[in-house]
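Note that chain A is present in both complexes that follow, paired respectively with chain B and with chain C.
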Partner chain A sequence: MSSLTMRPCGDFRTSYKQDNTIFETRTIRNFAIIAIALLCAAPYLVDAYYLTLFIQISYLGIAALGLNILVGYTGQISLGHGAFFGFGAFASAWMNVSFGIPVVFCIPLAGFLTMGVGMVFGLPASRIKGLYLAIATLAAQFILEDFFARADWFSGGSAGSSADPISLFGFAFDTDESFFYVALFALVFMYIWGCNLMRSREGRAFIAVRDHYLSAEIMGIKLNKYRLLSFGVSSFYAGIGGALYAHYLGYVSAEGFTLFMSIQFLAMIIIGGLGSVKGTLMGVVFMVFLPEVLESGVGLMKMTEWGNIPMVVDGLAYIKEMAIGLVIILFLIFEPEGMAHRWAQIKNYWKFYPFSY
Partner chain B sequence: MTSSILNIEQISLAFGGVKALTDVSFSVKKGSVFSIIGPNGAGKTSMLNCISGRYQPNSGSITFDGKNVTNLRPNDRADLGMGRTFQNLALFGHMSVLDNIMVGRHHLLKNNWLTGPLYWASGAQKEELEHRRKVEEVIDFLEISHIRKSIAGTLSYGLRKRVELARAMALNPKLILLDEPMAGMNLEEKEDMARYILDLNEEFGITVVMIEHDMGVVMDISHEVMVLDFGKKLICGLPEEVMADPYVKRAYLGLEESEEVSAEQQTTLEEVS
Partner chain C sequence: MQHKAKLSSLFVCCALGMSTQVLAKDTVFVGHLADMSGPTAFVGKNYADGVRDSLAYINANGGIKGTTLEYETIDYAYKVPQAIASYKKWHSRKKMVAMQGWGTADTEALISFVAKDKVPVFSASYSGHLTDPTGKNPHTKKPAPYNFFYGASYSDACRGLVQWAAQDWKDKGEKGKPKFTHIGANHPFPNAPKQACAEYATELGFDVQPAVVVSMKPGDFKAQCLSLKSSGSNYGYIGNLGGSVLSLVKSCNTVGTDIQFMSNIWGGDKKIFSAAGEGIKDYVFPTMTPFWTDDVPGMKLVREISKQSDESGKEVRVHHYIRGVCSTFFMKEAMEWAKDNGGITGENIKKGMYARKNWVPKGLEGACLAANWTNEDHRGINQVNIYKGNYNGGDIAVEKVSQVTLKRRDDWLGY
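The block that comes next holds the complex of A and B.
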């Protein structure tokens, strides 16, 4: 994982173990631990509203990491990620309600179930690539959406289905404050899972398939297996994210998991940085906070004398939507490699200051 | 008498009307350096692609280490111990050199998508580190330790060739196929590469099949040389024998005008007789 060739003075590595850490330096690791510790205290410090935002970041972030493993690391494409997310949500609620499986087990089981479904829809990937594959995965989106609307036994049809909150040893995580810890744990767990995946055998195989599939095959990598597996792992993540979403809201309806959601996931990972675990999280944070920031911007505008012009006030909602689009376009033009790349550049700038390299 | 590790029998390969290979047969002795030479378009790379599994020959059979591998997928051949490098660099450009070489250990590693992420608990870490040690041996051997953390796509041509060789060596191969390992290198790099090929052959006992255009190198380091032309085997034998062949002499070594004429006459004479 660590790719920095420049390391701070005094940070020597004397064993292969030290050379193969998730975080590039000890300082970064310590910062991450401090950040997580601070987050643990967050429910006592910040407004519940921010907790909901964080929970949103958590379940979207988990699903987006899955998509990044598929798109960024393995070089496939999927336009059905939103549907897989939805499938995980319904599957978890369904297993809980129909079979009485405790929610704690339902969430990973939903992940595995979604993995199976994702692999079925990923089958074309062993044959087709690029735009053609995008269209083939679009089929997954529409078939699953239709399935949610019609399969009453599974999703409750148009009425939707209700999902119980997560409970562990009799304690129900049904408030924002308590669910926050579930979300934090899931996020950290799944991101460590992702980091470890990428620094072990399968992760390298994924990147090898992306970078040069012919020589990957010569190196003993089964192409079809890994193309399919990347669909599986990505759907697994989507399923876990979806299940968390379901048990957080307590209610799942079929309307939410549209193509728009799939595109949003793609936008997150492109903005954050394809092929970067850390970038995925950045992209998700960006996409979750952007509407909030623009919202408050709109609020500020209303307070100024612009707020007296009726046309502006009426149009503010649209301006917000357009601004989101504009920001994404600007990002793609000026930082096509994503926020992770920009972050690395900023870091290098400070590290080498006042020299440019 | 050493036994042969690779047996090619009557291989034919055609792309539509173009016959890339016609009834080529040869065998490579275990532990030898075997070179394939021939003009451009002679079918050398097609031959290598048949051996490594990129192409399925239309007829004929390939036996590797006592196993018929004619219809095996390339990745299964890697499991059996066949490594190769490519003529046009085929590294994983966005990976570090180290990871590139670690990919070579793929078929020897056992952790999967469930045990790999449970890094510390499942023993994946231990396994990774063990194989890292093996990879470092290869890195030391090929003297690329200074670039092990560099991104493969940013390296110079000569170094990339060397990393490719390292990746193939990391497979623990019994047979290594090299497609023009010295193309586009300067003299110094060529000498280094020749040394590595000899060393890996002698120290590790890896059989080498290579395609190379530099006749000096080919004649110096190979135990056996085969000449292909228009998809047919012209001659196969010791370097001296091949060198003595008038056709090869004319095509590769370049003769004086007068000699060339006489060489031509000699060939016609041979054909007549």
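The block that comes next holds the complex of A and C.
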């Protein structure tokens, strides 16, 4: 059975090992490895525009996976993820500048620092649920946003703080081409880590808390511990994503980490698929590419004779903004379970072609 | 079938996305980031029109000594990721030589990139910390060697207003220490001059009150106005723009505060006066250009430029538009210098910015102030024109009350 490249119709898993694999079949695993190998060659094949989009996908994707662990896997909610992302960015720059810690160490340290902050703001989760928790985490957003603007010693206040590029053995990763590898490594590492977390005892506990907290408690799962842990892991991911963002840009300003960013993270995981690692990445890719594809649509209009007058171009800018909202609504109506679900359906369709049911 | 249709439409989208333009001969590319639909669109649109019309005008009149400007305006709606992506696209595909930027968010996110890629950026973010290109002042967190802007920095404009306020206090024959308060959202843009301005106000003998935080979004600000009233502030610096300023003025009228408002450059224009109506009294704001109706030689060219998007020439532009024109024309003349001195590249344009003293772009005499940029000091303009405006029953009356020239103090560089 294991020699087959395709999984047969129905679930025929007979061992824990089969139940536990990251990739369902060998083909999928091979495809994933080939895709990563191809991505390694990307800096030689595509220009900085695509590289910068990939780097965006990487740091946003890492943070979004954190939120999916919290929302999709543990069934909690957070409206402060954007602020945690920002905290990671500032923390990493701050440790590098103030204490002279090399950037490579600052990034994971920033993750742990953000984890601590996230767990503090996650404390209410042990008492409250649902909308109440959402509002409690909203407080994190506002408190941290204000903190960034005021704490001169930490974030540089309104002047912002500068962040050095990552350097390893004297080589500075300060171009898109070189930073691409850092982003790729971080993305693959954090996603494998996320997959493994979900296969572990803690991951199963998260899912149990999500599916029925009372049953989970009866089975001996400490609700408070796992809810808090989930907040911690989620913030850790946000912190790593934020730190990568800081050292990519070389400069962090308090302006970017608004509530809008938190909502956008939620939109990414809802569009991609709650409770799916693969879906998270799909949602992030979608949200990063959507404005760019629409922008190039506007760009094409501008190339035509009748399209390049300010009235049309400005009008298109508004349409572009509205289109982003429209696409999100359409997605929620026609694919409420996210892109991961749609992907599974497409795969099934072709697998059983022409005898789909 | 459904899936196939979806897939094919996806491919079409991708193909559209990847198509690139073919470059014509002898052109250079200038990127233009604008906010026409985001949170700063209230003034962003006017400024963007100024830049865009100027670029079109330059092309229609011979370009940069024969070199055509290829340009693209992107409405990034004040979103940093889109600003970065646009910048990278322009830099890698179009070999951008210079960029006209917009706000605090995009300008600061791009400081490191433009310094490394050697692309001069002409922003409409006038933060003081963009003025120290070499990091001479220990205050400076991050030198910004490739950032330029036309106008006095937020800090310098606020210093000018404070200087006017000190004189105003004396002229009125008031006794005692006047009280000064910074009013604005807790965000980088309103906060940019906060500390610098408060320090100068203290130096001039003001009693500086704790800052009052007013949201950037319009709302009910009576609570803030009450605290202004109870602290007895005499002079208030407004750091916000657009609807937020309107709400503040209206709320404070209801409460009945007796405070002299002084706004930052983005918070005072015709639109504010006509929207605020009778409530707005003796509102003081700085400008770096004359107004649309002023009769100075340079305005003739500005009105010609305006016809690029308004053929009738009837539209009345606010002064932000003229600043957009000035910003673009300083860039244009620096590019001309660059063309004569080794070709239009980012590095040469930067050198071109330092080539002249008391520099006014040709044809814009009186419209743009004389500027001096040096390789150690990016405070191009150190003059602040201060105006006082009244609604005056719909016939908005604006009078010049002062012109302050600030000293180029070393401890103010980049701060």
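In this section, the second predicted complex is superposed on the first by the 331 of 357 C-alpha atoms of A that agree within 3 Å, B and C clash if a C-alpha of one lies under 4 Å from a C-alpha of the other, contacts with A are read in each partner's own complex, and residues count from 1 in each chain.
To be clear about the criterion, a contact is a pair of C-beta atoms (placed from the backbone, for glycine too) under 8 Å apart; a residue touches a chain by one contact, two chains touch by 3 or more.
Not measured: the values here are computed from a predicted model.
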Partners on chain A (chain B, chain C) - clash or fit: fit
First, second, both or neither for A:L53, with chain B first and chain C second: second
First (chain B), second (chain C), both or neither touched by A:E24: neither
Chain B versus chain C as contact partner of A:E337, first or second or both or neither: neither
Per-residue contact with chain A, leading partner among chain C and chain B: C
Touched partner set for A:S296, first chain B, second chain C, both or neither: second
First, second, both or neither for A:G256, with chain B first and chain C second: second
Chain C, chain A and chain B - angle at the middle CA centre, rounded to the nearest 10 degrees: 140
First (chain B), second (chain C), both or neither touched by A:D211: first
Where chain B and chain C come nearest after superposition, their Cα distance in Å: 26
Chain B contact footprint on chain A (complex, rising order): 3-5, 16-17, 20, 192-194, 196-197, 199-205, 207-208, 210-212, 214-223, 229, 232-233, 275
Interface residues, chain C side, partner chain A - complex: 3, 13-14, 16-19, 21, 36-37, 45, 49, 52, 72-75, 77, 79-82, 84-86, 88-89, 91-93, 104-105, 108-109, 111-113, 116, 127, 129, 141-142, 186-189, 191-192, 194, 309
Sites on chain B touched by chain A in the complex: 52-54, 73-75, 78-79, 83-84, 86, 90-96, 99, 102-104, 106-107, 109-113, 116-119, 124-125, 128-129, 132-133, 136, 149-151, 167, 171
List of chain A residues in touch with chain C within their complex: 47-49, 51-53, 56, 60, 146, 149-150, 156-162, 174-176, 249-251, 253-256, 288-289, 291-293, 295-297, 299-300, 302-303, 310, 313-314, 317-318, 320-321, 346, 349
